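Both of the next two complexes hold chain A, though its partner changes from chain B to chain C.
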Partner chain A sequence: MARKRAELDRRTVLKGAAAGAAATIFAPNIVAAQNKVVRIGMPTILSGRVAQLGTSSRNAVIMEVEKINAAGGLAGRQIEMVIRDSKGQPQEAARVSRELVNSDGCEILLDAEASSGSFAVQEVAKDLGVLVMHTNSETSSLTADPKIRIPLAFRSCRQGIHDAVVSGAYAAEIAKAKKINRWGTCSPDYAYGRDNTQLFVEYLKHFYPQAEVTTEAWPKLFQPDYTEVITRVLQNKPQALYSALWGGDLTSWVDQASIYALFSQMEVFAINMADYTVLTAVKNLPKGIHSATRYIKTYPATKQNAAWGDEYRARFKEYPTNWSWENWVGIHFIAEAAKKANSADGKKIAEAMRGLKIDCPFGADGTVTMRADDQTVIGYAIGWGPTISQEPYVPEVKGASWDTILQLEAEWKKRNNYT
Partner chain B sequence: MNLAALMDCLTSASCLVTQTTSGLIIGMLLFLVAAGLTLIFGVLKVVNFTHGSFYMLGAYLAYTVNGLTDSYVLAVLAAATGVGIFALIFERFFMSKVYGSNVLMQLLVCYAFILILDDAVKIIWGPEFKSMGMATAFQKPPLFIAGGIVPVFYLFLIIVTLVISAALYLVITRTRFGTVVRAAAVNPSMVSALGINTGLVYSGVFVLGGMLAGLAGGLAAPVRSLTAGMGFSILIESFIVTVIGGMGSIAGALLGSVLIGLVRSFGSIGFPLFVEGLMFLLMAVILILKPSGLLGKEG
Partner chain C sequence: MLSTRPNLARDISIAAVALIVLLLLPYVWPSRMMNDLVIRVSAFALFATSLNLLVGYTGMVSFGHGMFFGFGAYAFGLSMQRLGVSIPTAILITIVSSALLGLVVGAISIRLKDIYFSFITLAFQMLLYSTVIAWVPLTGGDQGLMGGIPRPPFLGIDLSIESHRYAFAVTIMVVGLLILRQIVESPFGYTLRMIRDNTERATFLGINVFRAKLTAFVIAGVFGSLGGMVMALFVSGAYPEFVNWTMSGEGIFMIMLGGLSTFIGPAAGALILSLLNDVITRGTEHHGLFLGAVILLFALGLRKGVTDFIADWFRTRREASTRSGN
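== the complex of A and B ==
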C-alpha cells in the first residue's frame, strides 16, 4: 500500500508538473484564442427579386455589430461577419451555410434566409452542431413543431401564428362595427401566402363567426399583371378583402387595383403594407388600407425606435425594413447571451439565451424575451391600423394584447399536437 | 373549377364588359412585345430572347424620364427611342455577328445580354423594386359601362395600342420599307441582288421590334413593379402568343395576344386555379391542330 501511495504521489506530482509546464508553454495561445475574432456566418438573399430582404438584413447587422464590437464583442472576442448570397434557393442556402462553417470557420450562423431557406439552414445546423439564429423566417412550425425544432436553433423574428391572432382580432373588430360578413382573399400562391391567409381566416372567424369567405384569388408569386384577379374580386363584390401580397407584388397590385377604384368599394386589409419599402414605393397610395406594422419608426412610439430608424436611414439612405429590426433582435440576443455566459461558445450562448429578456427598441414594453420552451422571440410590438400616404403612414396603431396572443397560440399548438 | 360563375358572367352585361376590357388590356400590352418578337423572327429568322429585357429597359427609362420631367408622354417616347437606340447598337455589334450561326450561338449571345442588362439595371437603378406612379391625367374614377368597370387608363392603353397596330400594319403593307421588309423575309438574296442594303433592312427591323418592346414597357410602367428580371415573364407569354398566332405573323400576334388576354380574363372566373394552365393548354391544342400557328404559313 505504501508503495502504491508513493507511486500515486509520484504520478500526481508528474501530472501536476506536466500541467504546469503545459500551462506555461500554451498560456499565450489560450489568451490568443480568447482574443481572436469570432466569425458569424450569415446566409441570406442578396440577388434577385427579394434582394432587399438580404440587403436590409445585412445593413442592420453591420450597424449593430459595430456597436457590439465597440462594447467588447462576444465575451471579449470581436465579431467578424461573413455574409454570403444564397440567391433565394434553399439548396444554395444549405451549401453556403455548410461552407461558412466548414471552410470559413464560422462558429455561429445568423440565418437571414426566407422561410424555404431557413428549413435548409436548420438541417445544416443540426448536422454540424452549431448555434443558429433564424432572423427572417416567420413560418411558425420552424420552432413550434418539436419534430423540426433543435436545441441550438432560435428565432428572433415575428411568427405567423402571432400575426394571425392579431390580424384576426383587429379585422373582426372592424367587421363587427361595420357588419362586414362577406370577405375575399387575394394572396400569393405559395406556402407563405397560403398559410398566412388560412390562419388569418381561422382567427377572423374565431373572433367574428359571421365572417364568410366568398371569393379567393391566388395570383402566382411575382405575377406582373393582376388585372384578371382584380376584376374577379370586383365581380364577387366582397365587403372586405384580405391580402398577404408583399414587396413589389403588393405595389403592383395596389397600383392596378387603384385604377379600378377597388379601394373605394371595400375595406382592404393588407398585412404587409406598413413597411417603408412599400409605403414609399407606391406613388398614389389610397387612404385607409389596413395594415400590420411591419416596421415603422413611429410604432412602438418610443425615442429609441425613432432614433434607430433615423440612424439607419442616415447611414444607408433608406428606411429600415421589417427584416432589419428582426436582425437587430437576432444579433443582440447573441451578444447579450454571450455576456451572460461570459463565453462565445455556441452551446453556452444557447444555454444562456433560453428565457433571456433583453431591452429592445421594438419591444411592446421596451423588452423582448426568448421564450425557453420553443426558443422563439415574444413580446415584440405588433399593431394594426389604417395607412395614409405620408409620414407617419400609420397614424393610429391599435396595439396587440400579448396575453391574447399567448393564450390562442397555446391552443393552436395543442390542436397541432405541438405540445 | 366554377362553371356556374363563368356562365353567370357570360350572361351578365357588367361582367362581360369588365372581363372583356380586362382581357383586351392584358392582350394589347402583350401584343406590343410579341409583335416586335415575331417581326424580328419573320425577317431575320432570329429568336430574340433579349426582347423581355428590352421591355424592362423601356419601363426603367420611362421611370427615369417621368421622374425628371413629370410627363408620361415624354417618358413613353423616351422609352421607345432609348430602347430603339440600344437595339441598334445591340444588333450592329452583336446580333449581326451571329445571324448565320446556329440557334445555340444566338441563344448564348441573347442570354449573356439578359444577364448583363439585369445587372446593369441593378447597378443604375438599384436592386429594390421601383414604382413609377400614375400620371395625374389618369388619376380619375373608372368608367361604368353597362354596369361594367373600365379604367380610364386602360381605355387609353387599348386605344394607343390599336393605333400603333394599325400604323404597323400600314407600314408593313403600304410603304416601300414594308415591301422591302416583306421581300427580305421571303428572299433576302434577291433583295440584296437588287441593290438593297439588307444589313440596313435588318437593323431597321430590329430597331422597330426593340422600339415596340420599349414602348410596351413605357406604357405599362405606371401599373407595374419595376425590378431587374421583370422582362422574363412577359417574354414567356410573348413566345406563347407568337406560337399561337404563328411565328413571323404580326396579325397572328394580335390574334394570339387577344386570345391569351381573354383566356386569362374569363379563365380566372371559371377556372381560378388553372389560369396559367389554360394558356399552355390553348397553345398545346393549337400546336396539335395547326402546328404553324393560327395565321402562320405552313412549311
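== the complex of A and C ==
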C-alpha cells in the first residue's frame, strides 16, 4: 500500500514538473496575446568575442526606445524590446528570431546580427512575413541582390560598396599627392576581409590607375600573433598598406606592428580604426593611421551627434560603437514610419518607410534616407582622416561625396546584374 | 534476415505510434515554437543517434561527426540552389555524396585506433570547415549559403508550408531512427558490439573488422548528413558552424546527456540539450556557464545519461518483481 502511494506521489510530481516546464516554455504566447504593447524582437550577439558590439547595439536601442515611448510609442502603442543572444551563430540567430515571433509575440524584428546571422534572419522574416530591419550587416548583396531582397526587409547601416568607393577615393587622393604607387594589403582571411579589400583595390585603381598591389597578407581571423605577416609586409616595402582588420584583431596588429616601426615606414589605411573600442584599446596609438569614421562623436561635427555620444557615455560608462548609431537609425526609421502610417502594423510601416527621409545626428547633411528601390539607408556621414592618440582621435575628417558614391554604386550594381 | 528478428514488429509498431503522435501533436497543442523545436530535435536526433552507432555500438569515438551534419546541409542546399533539382533528387545526391565522403574519410581514419582515430576524424572535419570558409564562390564562405534554399513542391508536399515541413522532418527522423534501430539489432549490429568489446576475438572469429567498421562509418555518415539536411530545410540555408568542431562536441554532449547504453538515449539527449539551450538562452547571457555546469553534473556527478537511469530503474524493478515472484 505504501508503495502504491509513493508511485502516485511520484506521478503527481512528474505531472507538476511537466506542467511547470510547459508553462515556462510556452507561456509567453499567452502573455503576448494579452499585451497591448508592440513587441520588437532583437537577436544580437551578447556573448563571445564580439559581444561588445551586440551590447552597444542593445544599449543604443534601449536608450532610444525610452524616448520613442515617452513620445507616444509606435502609433500609440508602447514598444517593448525583447532582446536575445544569438551567440554569433547563424542557425541560432534563425532559431531565436523564430522564437521571438512565434513564442514571444514580436511583430517586428530588429536584426542586430553580423552578416552571416542577418542572412539567416532574412530567411525567417521571409518565412514568417514579418518586418525586419537589418541594423548591422554591411554585406551589400543583402539588399542589392534582387534574388535575396524581400519586400519587408530594410537595412539601416553602412554597407561595403559605399565604404569601398569612399575608401578608394580618399586613398587615391593621398596616393596622387604623395606619388604612392606600390601598395600592400593585410586583411583577415574570410569573406568580409577579402571582399572589402578586393573592392578597395578596385576603387583605388579606379581613381588612381597607377596604384599596384605588390604584397598581400591574409592573417587568420582572431589570430593572436601577427609577426609573420608584419615582417612579410616590411620585407616587401610597399609605400602604403591597406587593412580591413577590425576589433581585437586590429588592436593586436597595431600594437605588434608598432614594435617593428611599421607605421614610420609606410602610410597605413585601416578602415576600421576610428571606432572608440579600437582607439581606446590600442596601447600606443601611432599618429597618422588613416581610417574611415565608424563612430566618433566629433563627426559629423554637430551638436546633436556630440550630445548623443555624451549621453550614451554618461549612461553606459563607455563610448558608443559603429553598431550603436546604426541601431539608432534602425529604431528611429521604424518609429518615424509608424508615425507616418499612423499604424504599428509591419506592412504599413514598410510601405511608409520606402523613400522616407528622417532627421538624424549621423546624417551627412543631418538627415538619412531609406532608398525606396532597394530599401537600404543612404546619406549617412562617412569620411576618412588621419588618427591621433587622444580625443578627438580623428581631428580632420574628409567627408565623402554621396553623388560619387551613388554613381559608382549604380555602375557596380549593373556590373553584378543587380539592376 | 531482418524479418526473422522477433522485435521487428514491435519496433515498427513503436515507430508508427511515435510518428502518429508527433504528426498529431500540432493539432493537439498548436504552437509554432513547439513545431520549430520538434524539427530541430529531429535533425539533432538523427545526428546524435548516427554518432552513437560509432561511439556506443562500435567503440569508435569520432570527434569529427559534425562534418557529415554540415556536409549534408551544404550538399542538399547546393543541389537545390545550383542544380535546380527536385527535393527527392537533392536528397538522393545528399545520401550518395555523404556515403562517398564517409567511404573516403572512413577508409583512412579507421586504420587508426582510440585517440588517434578521434583526432584524425577531427582533422578531416577541420579540413572540410576550412574548405567551406575558403571556397567562397561555392559555399559563400563564412556567410554561408545565402538567399534561401528553394523548396519546390513534390508529390503533393510543399516544404515552404510550415505544417508540411514539420511532417516531413518528423517522418525523416522516425524512419531514419527505425532503420538505424534495425541496423543495431541486426547480426551486423551485434558484430559491431563484438568489435567494440573485443576486436581480437572478432578477428579470430573470421570477421573482417575493417569492412565492418567502414560500413558503420559510412552508415553513420549518411544518417548524420540527413540530420544536416533537415536542419538546412529548417533554417533555409547552410552555415560554416554546421561543419565546425563545436557541432561534433554537441553530438557528444547529446549522447552523454541522453545516455549511450540505450538506442533512444542520443535522441533524448538531443531533446534535452535543445530544451536546455532554449530555456537557458532565454534566461541569461551566461548560457555557457549554466550549460557547462549541467554537462559537468552529468559527466562527473551522475556519470550516466537520463535514459540510462530509466533503463536501470526498469531493470531493477523487473529483477525485484522476479525475485518476489520466486
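One rule holds for everything that comes next: the second predicted complex is superposed on the first by the 384 of 419 C-alpha atoms of A that agree within 3 Å, B and C clash if a C-alpha of one lies under 4 Å from a C-alpha of the other, contacts with A are read in each partner's own complex, and residues count from 1 in each chain.
Everything below uses one rule, namely that a residue touches a chain if its C-beta (ideal position, glycine included) is under 8 Å from a C-beta of that chain, and two chains touch if they have at least 3 such contacts.
Remember, predicted model here, so these are calculated numbers, not experimental data.
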| item | value |
| --- | --- |
| Fit or clash between chain C and chain B when superposed on chain A | fit |
| Partner chain in contact with A:Trp218 - chain B first, chain C second, else both or neither | first |
| Touched partner set for A:Ser47, first chain B, second chain C, both or neither | both |
| Chain B versus chain C as contact partner of A:Lys398, first or second or both or neither | neither |
| Which of chain B and chain C A:Ser141 touches, first, second, both or neither | second |
| First, second, both or neither for A:Ser103, with chain B first and chain C second | second |
| Touched partner set for A:Arg84, first chain B, second chain C, both or neither | second |
| Nearest-approach distance, in Å, of chain C Cα atoms to those of chain B in the combined model | 6 |
| Footprint overlap on chain A, where chain B in one structure and chain C in the other make contact | 47, 51 |
| Partner chain B, residues of chain A touching it in the complex | 47-49, 51-52, 55, 216-218, 220, 222-225, 227-232, 234-235, 247-249, 251-252, 255-256, 258-261, 277, 281-284, 318 |
| Residue numbers on chain C that touch chain A, as the complex places them | 31-34, 36, 40, 133-134, 136, 140-144, 146-148, 160, 162, 231, 234-237, 239-242, 275, 278-279, 281-282, 285-288 |
| In the complex, chain B residues that touch chain A | 9, 15, 18-19, 22-23, 25-26, 29, 122, 127-134, 138-139, 141-142, 149, 151-154, 222-230, 233-234, 264-265, 267-269, 272-273, 275-276 |
| Chain C-facing residues of chain A, complex | 21, 24-26, 29, 46-47, 51, 84-85, 87, 89-92, 94-96, 98-99, 102-103, 115-116, 119-120, 122-123, 126-127, 139, 141, 145, 147-148, 189-192, 194, 221 |
